[in-house]
Amino acid sequence: MITVDKLGYTYPETARPVLREIDLNVPSGQFLGVVGPSGAGKTTLAQALAGYIPHVLGGEVTGRVEIGGLHVVDTPLPDLVTRVGMVSQNPFNQISGAKFTVAEELAFGLENLGVPRQDMLIAVREVLRRLRIEHLAERSPYELSGGQQQLVALGAMLVMNPDVLVLDEPTSQLDPAGSRLVFEALGELRSRDITVVLIEHKIERLAEFADRVVVLVDGELRMDGPPGTVLAAPELVEWGIGHTRFTTAAVRAGGRWPSGAALPVTLDQALAGFGGAR
Amino acid sequence: MSIQVEDLHYTYSSGTVALQGVSLSIADGERVAIVGQNGAGKTTLVRHLNGIFRATGGRVLVDGQDLAGREIAELARTVGYVFQNPNEQLFARTVRAEVEFGPRNLGYDRARRDELVDWALTATRLTEHATSHPYHLSLAERKRVAIASVLAMDTPVVVFDEPTTGQDHAGVRDVSEVIAQLHARGRTVIAITHDMDFVAENFDRVVAMAQGRVLADGTVHEVFADAEVVAGAAVEAPAMMRLAQGLGWTESVTTVERFVAVLAR
Amino acid sequence: MATLDFYQAGRSRVHGWNPVTKLSLSLTLVVTAFALPVLWWPVALLVLVLLPAVLASGVQRRFLATMSRFLLPVILLLFVIQGLFYPGGGQVLLTLGPLSVHADGLLFAARTALRLVVLTGSFLFLLLTTHPGDLMTALVARGLPPKISYVVSATLQIIPAFRQRAQGILQAQRARGLRTDTGLVSRVRALVPLISPLILGALSEVDERSIAMEARAFGSTARRTSYTVIPDSTAQRLARWLMLLAALTAIALTTTGVVS
């Protein structure tokens, strides 16, 4: 569970706050999508949730962030990382360098936590299978394509099984089938009561998989609600986030989209609405 | 400028076989999107077009000339390549110096250089960052710097490796606009991407790859209409194509524009 | 990957030995070769231990190629210098104008050369048949602090990654028209603009990297476990004790002057 209360943040050596008055409560097992234009503060928010702000990056935090009852600012990082895992934007910089094969790389976090070997074997095999990267298990983590590296970075966090998972554009370099697979895998975490916070530009996928979406613009939370409502809001275009193709098609269709029907954000909604149109 | 790839094979020194017989022919002024599963060999393929990689089998011809034995620096005049990971590409102290590097090496005169650099910075919305250090920008912005630095070389062929990765809506629109401008100037544009709507809206032709081979090569509609190709290349049809198919339409629809036009009939 | 170039994967018995056993073997060979002042002793070690082990692991071609590349010039130099300029003198074997070749010098050169062969050969054998990752895992299992193992492993991988990056940037610069083909001066000049991106690139990634390590619980104080198990056996354990004993005996024999 995540509780954010009036969170503000300013990076060291800069004057302007990058996050302002953020209030956000995410119950256990919820799949939350975060959207916003470039520079809105999405990455900064992710780092604040996971404790790298302020523990690694410094700067000035106001307000409060709690993860499962732990105050992020007051809790040392090693105690936080078992609760909250973060996958960051650039896959290359997430390879530990300590390991020579993908399988060992995936196990690295578990080794550090002292997980018994039998459990590690099962967990690593499961993640390799879930992300369909069994064929990469014995390859060097440095000799992979961009998308393959991104899957390994994600797998390395999934395997650690934290209560809260914060992901910063984890599918940006994945092929469409791979990104669908990841969204499905994240969706399944609900059944294990894992909270997912996903920063994503692929709003069509968020529309399909997320329980709730918040919009971050210029360091402020401007909108918060179910994906169907938030992602179809007209302001999203003005804020530089844009709409799904389905929404745009319905808007551009004018009178041919049934009057009174909510704008579609998924294929199924578009099919239902346009079904009677021609 | 035309490009011919003939039975191209490439194996990394670690022993990974990345390309196993790719043949492809791209005509002057075409807009070609390369799609396909992670690890299919897309990046490996395009790195042959400007000589960064040397074929371990087969050959590549640009404008009818075999690239074997030709210097990368010489090929730079013809083929511009934007790297998948901008961190591998950027090195200068300011964005402007970075963008100027290519045209300077190519020996363009001052006036042409300035004109190209200004155009490239405007097209990628980086003008206000001209004096920033590339390493102080966000990943998405660095990607745009990488794009600008290749645009400014004004090459007849421009190859983009996942140009929209990490870009927000406005960033994707900028890239589309850049491609339209290049096309209007008669340039050959090749882009690797995982965004199928971006493919439908900006490209005439799609090459789908899997496991070091070309699975399909045709128009957007042809390639995505083939369920076997879609599954094999780990892709998915553009949103509007899925919608039209779901509605049972027989017309070829791949973009919102076309969808609305067909709907209005 | 360049630093792994030494390691030659294989399925031999020797490849399967515990890395610590191989490390002990290498150390014992070196210690006894240097401790015992008997000229033929390194020869015995080579013929009876090292060469059979190399043959058994099937890495002899790489072994011989690398040994001759590294050692031949050194040994040649050793014989020339010691043969001609050895301070002791001794019997003159040959006179070449103002220079004369001394027997003591040659003997000294032979002794040093043989020891060098054992030294280089032992460690080359270890590197050729042992994956560095396995060696680190085995050493951590024996109490080597994981941070030290991390530094070694990361260095082994980051140096080639760094070099790859330097090459990558150079290629990216060429791809934008930089000519680096003509002459040494322009090549050196081409390296200058590389330095700042390499260092800045590395620096700007420090935060990201430390975040990635923390995220993987590297700062945890838990007792670490190991994903990879390195096989060991009673026979190997026994062998390691015997090797330790042999090394100690050799040292004892020399220091007490029993062998001289």
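Order of writing sets the chain letters: A, B and C. Residues in each chain are counted from 1.
Operating definition for what follows: a residue touches a chain if its C-beta (ideal position, glycine included) is under 8 Å from a C-beta of that chain, and two chains touch if they have at least 3 such contacts.
Predicted model only: the values in this text are computed from it and were never measured.
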Number of hops, subunit A to subunit C, where each hop joins two touching chains: 1
Which of A-B and B-C has more C-beta contact pairs: A-B
Centre distance in Å when subunit B and subunit C are each reduced to the mean of their C-alpha atoms: 45
Interchain centroid distance [CA atoms averaged], subunit A/subunit B, Å: 27
Sites on subunit B at which at least two other chains make contact: 14, 87
For subunit C, residues contacting two or more additional chains: 1
In subunit A, residues with contacts to at least two other chains: 90, 140, 143
Subunit B-touching residues of subunit A, taken from the complex the two chains share: 36-39, 43, 89-90, 92, 139-140, 143-148, 151, 169, 172-180, 201, 204, 237, 240-242, 244-246, 248-249, 252-253, 256, 267, 270-271, 274-275, 277-278
Interface residues, subunit B side, partner subunit A - complex: 12, 14, 16, 35-40, 43, 84-85, 87, 138-141, 162, 165-171, 194, 196-197, 231, 233-236, 238-240, 242-243, 246-247, 256, 259-260, 263-264
Interface residues, subunit B side, partner subunit C - complex: 14, 50-52, 71-73, 75-77, 80-81, 83, 87-93, 101-102, 105-106, 133, 135-136, 149-150, 153
Touch list for subunit C against partner subunit A, complex: 1, 4, 131-133, 146, 149-150, 153-154, 157-158, 160-161, 205, 207-229
Complex interface listing, subunit C residues touching subunit B: 1, 165, 168-169, 171-181, 193-194, 196-197, 200-201, 204
